[in-house]
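Following: one structure in structure tokens, then a few remarks.
Going in written order, the chains are labelled A, B, C and D, and every chain counts its residues from 1.
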Amino acid sequence: MSIFADAATRLVIQGITGREGSFHARQMIEYGTKVVAGVTPGKGGQTFEATVPVFNTVADAVRETGANTAVIYVPPMGAAAAVIESADAGIPLVVCITEGIPVMHMSRAMPFVRSRGVRLIGPNCPGLITPGTRTKVGIIPGNICTAGRVGLVSRSGTLTYEVVNHLTRNGLGQSTCVGIGGDPIIGTNFIDCLAAFQDDPDTDAIVMIGEIGGTDEQNAAAFVKEQVTKPVVGFIAGQTAPKGRRMGHAGAIISGSSGTAEEKLAAFEAAGIAIMRRPADVVGLLQRKAQSTKGVTSRK
Amino acid sequence: MSIFADAATRLVIQGITGREGSFHARQMIEYGTKVVAGVTPGKGGQTFEATVPVFNTVADAVRETGANTAVIYVPPMGAAAAVIESADAGIPLVVCITEGIPVMHMSRAMPFVRSRGVRLIGPNCPGLITPGTRTKVGIIPGNICTAGRVGLVSRSGTLTYEVVNHLTRNGLGQSTCVGIGGDPIIGTNFIDCLAAFQDDPDTDAIVMIGEIGGTDEQNAAAFVKEQVTKPVVGFIAGQTAPKGRRMGHAGAIISGSSGTAEEKLAAFEAAGIAIMRRPADVVGLLQRKAQSTKGVTSRK
Amino acid sequence: MNLHEYQARTLLKAVGIPMFDGDVASTPTEAEAIARRIGGTVVIKAQVHAGGRGKAGGVKLARNPAEAADEAAQILGMTIKGLTVHKVLVVPAAEIATESYVGLIMDRETQRPLFMVSSAGGVDIEEVAAKTPEKIVRLPVDPTYGLFPHQALSLAFVLYRDFAQVKAAAGIMEQLHRAFVDNGASLAEINPLVTTPDGRVLALDAKVVIDDNELFWRPDLGVLRDDSAEEPSEAAARRANLSFIKLDGDVGCVVNGAGLAMATMDLVKYYGGEPANFLDIGGSSSPEKVINALKIITADPHVKAILFNIFGGITRTDDVANGIVAATRQFKVNVPVVIRLTGTNEAEAIRILNEVGMPALSDMDEAVQRVVQLARAAA
Amino acid sequence: MNLHEYQARTLLKAVGIPMFDGDVASTPTEAEAIARRIGGTVVIKAQVHAGGRGKAGGVKLARNPAEAADEAAQILGMTIKGLTVHKVLVVPAAEIATESYVGLIMDRETQRPLFMVSSAGGVDIEEVAAKTPEKIVRLPVDPTYGLFPHQALSLAFVLYRDFAQVKAAAGIMEQLHRAFVDNGASLAEINPLVTTPDGRVLALDAKVVIDDNELFWRPDLGVLRDDSAEEPSEAAARRANLSFIKLDGDVGCVVNGAGLAMATMDLVKYYGGEPANFLDIGGSSSPEKVINALKIITADPHVKAILFNIFGGITRTDDVANGIVAATRQFKVNVPVVIRLTGTNEAEAIRILNEVGMPALSDMDEAVQRVVQLARAAA
């Protein structure tokens, strides 16, 4: 029914008593997510919103509540350390929402994360949502999503919402939507998500939303060509972006002649990925793909 | 016929042009070891003793000569870095002779060595020798050894020679003699060697020579009890050592009530390891063990 | 954040990298004094964040202090790729035996600092990478362990045969790596790393780019920011915590989220318009941010129409609506504004806008088409 | 190498660990001046490398500067476990709310620095470890990554509930770890780490042991060596690059190799003798080393006989023989010497010794039995 997050998700929120953390904690609880614990050092023993116990450390939270997924809303300077803390506490899925983490911090954190066999999503990402089980880990607005069989993976936040909105309004529900983040160094990339969607029996088609910068989309296209049998529809933001300028996201930057939208779109084309010229194109392309593969998206 | 070193050993000597390195290079070559390369940065292109090519880096040596074992004679301050260089060059067996390496250096080097799946022997060890194939990696005098079916593992240098001397003079040849080193942090411990000797079809009995400090012998005794079916004879040096003093070897120090000879001998006894009260006892004990297990040591 | 050459020199000197003498000057008199102190022929180099300084006349030789003053007077105040030169670097015109390239970048593929070393130095390394990639040796550095001594040495052996030079270069590799890591750089390069006829190894030109995310907690690096070397509207946006990049078109864009902002620019282009900027007001948009965004965009005389494209997730669309209303009260917006709002608190936002007679759309394509038409009509 | 408490304080202060005021004095006048500066009641503590200073009368309270001078005069020059007190530390007699233990050792089992933290501080931690091990929380630190902030925090939560104290203690954990790693320590401990009635967290007593192998390349640490705090014969041996430990017996031992040296001592004991020392002359033994070894051993009036036990591998036995001959020419050895030599150049060694009328044995057991007999006969 989904990838990475589902009914088995038991969530601990790092930074639950902070401004961002408390706001989104409420949203996630409201949506239906099993939020079992929060962590704020020094506030161990308190209770958030009269329902969620707060702990001093993630290790305490795991021991007391059996949390198996962590989401991080701590400020940039402590965020990489928070990722490491959750990985060290044995949490297998860590989602880091925080934007603005120094890339050097992530470069140092990644080897530890990998050595523990942990899946990190993000940082600088909106997280993920599985409408079918009403499991939201992050900040993707629940009200624009609906359960269904389209998997979505994206480097962006609001652009994702734009696309999801088109899907939902046109009756194309989602299995899971994953925002992998806009930073140069991220834990989970397109290929990881494509592989998971390919293996998910409840995903029929995949939407991938990339942007300029790096080669993740090109690598993903090669992977699609070789390994993905489900229909894939793709978008690249930043076709009009100038070279050498960081377009908001730290990762969205064209270096020399590498990381351009043209390059990525050419890779999509070569891999048989249907290209969205506009966000709105997603609906028509999926419907066409669905027809040509005998209505996979309409199966329930 | 042996463990760790044999006819397939292709040796690269790090520090081959140094005082120690060049002396022992000659000894190893004379003994019969296949010394295929030397490494001294800045002396790449030279030839040692008109036969052994010298390279600037271990990576060069491996690429050009297919070296599969490295032995290190570089000064203490660069020795841990030399271990890392060989591990990084893909050499699966690295023997570090150097004494006096700061323990902090080894503590930092070990995780890298392990991450590469490399077996390190030492540091601060005499290396190993397999008389049957005339393969010597280190500094154990070849003339006191003879081919046979006794495996020997020791934390010491000259004490090992003393014991080997007794064996050879009494017709008890050796499969392989391994000096694992006298430092607190070493790459290969007693258990590693015991397991290898247990699996070696050409080793019939095992001699282990320990000393005060740490718990390696105690752990080894537990391992012998559970996993080793071959006869084992053991010695512990330092029964008269005072507490809290470093007896030459950085690792030979009794901390509080831990690491004493009594403790280790008790563990030996509990594991059924025959205890040598004097180095000379090795011969009688092995012969007795051999009789009780139907003459395993006399098989050829 | 790009550093000027003279700033990069300071960072690299601080870790011990040997450099030719030299100093930065803001006036011809200062340049003259530096040239006198150095002695002999010097090079005067414009300090601007732009490539091709040489071709633009921003790099000149001066054989004596008087010439140095003259050349500095020529270069100071000149405009290179739209940027005014406020400072020049004065360095000796060195006699050079060989030129190499040594650079470190934060590599996204390996997620590690990546060394790039080439004996083909002193030229555009991107060109070398494109045409003769085999001339560049690459080595990713595991951040867990840092640069191992044998790695520094093997990189140095790529450049030199003389062991004294190899050792010197290996030391420079380690120092450059330290400067890279300690300053949170995304790029640190020495191009060229030169040898002198008497065998010394020195850095001749240096370039350092600092990861913007480091600046929040590294005020020591933040002070290196030279506002005067930036497009003024971009400097203003940065001070207002807006992610903004000026472009050449006439359709101003105010968007929440970087991906949506890029997609909006792309859609403007798709419908035949030209975006005037990239602008991301971020997630938790206060009315102040909206006001500042409008101020910056309307200051550009080329802007003929403005588009708001807000998808309310965390962003409350009523906040944005309030910001638009407040801005129009503070100052007159002389170009037409098209507003697209959807998501969180959408109804309230539309009510706020309608109250002051501003319409709001909910479809992105419709809004973009509308603003492109308006801009075209105004042109 | 053990550091004195006052030296350990200096190292820990250097990384920022908060400490009570205090200073070291070599004379009663200095102690008085320090006590005056500190004000109030002070503690005078003997600086010797021996446990149980308090019980031995080496730690005293002084209520005013005059008393401090008196107590310092008592303690300076006293002998604790054979070591003369040359310095005292003068610190305020602090009011203490709680006492904890924080220590780091280089752990051979995990091959990592190991934190040990206990809220049962101020007492002998070995005793706590033996009797109530559950009161000690242990945490190995991966040297690849260093101490993570969450690890420092979780150790601090072991000690305190008040979050201000937790944060202070976490900082101290990180500082102690830095001091441990940067100084190549094999032990660094604060015992006790105290809280004051007004809530501050401070280190009251500090102990640091430096890995001897660090000293070769860290002259800054080497200078902390206090020869006067050592057994004089051991200090002399160290200066001669000999690994030597003085014991209480009467059989002097000169051996090559640490393992064989221990085994030789054990065999002396086995045959009913008592070793007077541990002495390893090392692998590449020059005649000078042998001479120095003999000088040091013969200086001990308890030594009744001397045994040489040399297994020539790298060690050339003829070098050792030459050393013995040279030594007997330089000074008179008044006790019987038994020489066992075997291995490299054995024939030459025997020839050298026989030339001067000294016999040599080749069997270790035989040699040890002989020397034990000789010592017993001389006793």
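Here is the rule we use: a contact is a pair of C-beta atoms (placed from the backbone, for glycine too) under 8 Å apart; a residue touches a chain by one contact, two chains touch by 3 or more.
Predicted model, so just to flag it, every value in this text is computed and none were measured.
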Contacts common to chain A and chain D (chain labels): C
Reference chain B; chain at largest CA-centroid distance: C
Interface with more contacting C-beta pairs, comparing B-C to B-D: B-D
Chain centre separation (chain C, chain D; CA means) in Å: 56
Averaged-CA centre spacing for the pair chain B and chain A, given as whole angstrom: 51
Gap in Å, rounded to a whole number, between the CA centres of chain D and chain B: 28
Residues of chain A whose C-beta touches two or more other chains: 108, 112
Junction residues of chain D - those touching two or more other chains: 144-145
Graph class of chain-chain contacts, one of line, ring, star, complete, other: other
Set of all touching chain pairs, with the criterion as stated earlier: A-C, A-D, B-C, B-D, C-D
Residues of chain B touching chain C in the complex: 41-42, 44, 56-59, 78, 81-82, 84-85, 88, 108, 112
Chain A-touching residues of chain C, taken from the complex the two chains share: 106, 108-109, 111-113, 126, 129-130, 142-144, 181, 184, 186, 211-214, 216-217, 243, 245, 247, 255-263, 265-270, 275, 278, 280, 283, 311-315, 342-344, 364-365
Parts of chain D lying in touch with chain C, wherever the complex brings them together: 144-145
Complex contact set, residues of chain A against chain C: 23, 76-77, 100-104, 106-108, 110-112, 126, 139-141, 144, 154-162, 165, 182, 184-185, 209, 211-212, 214-216, 235, 237-242, 245-252, 256-257, 277-280
Of all residues in chain D, those that touch chain A in their complex: 145, 148-151, 153-154, 157, 163, 166-167
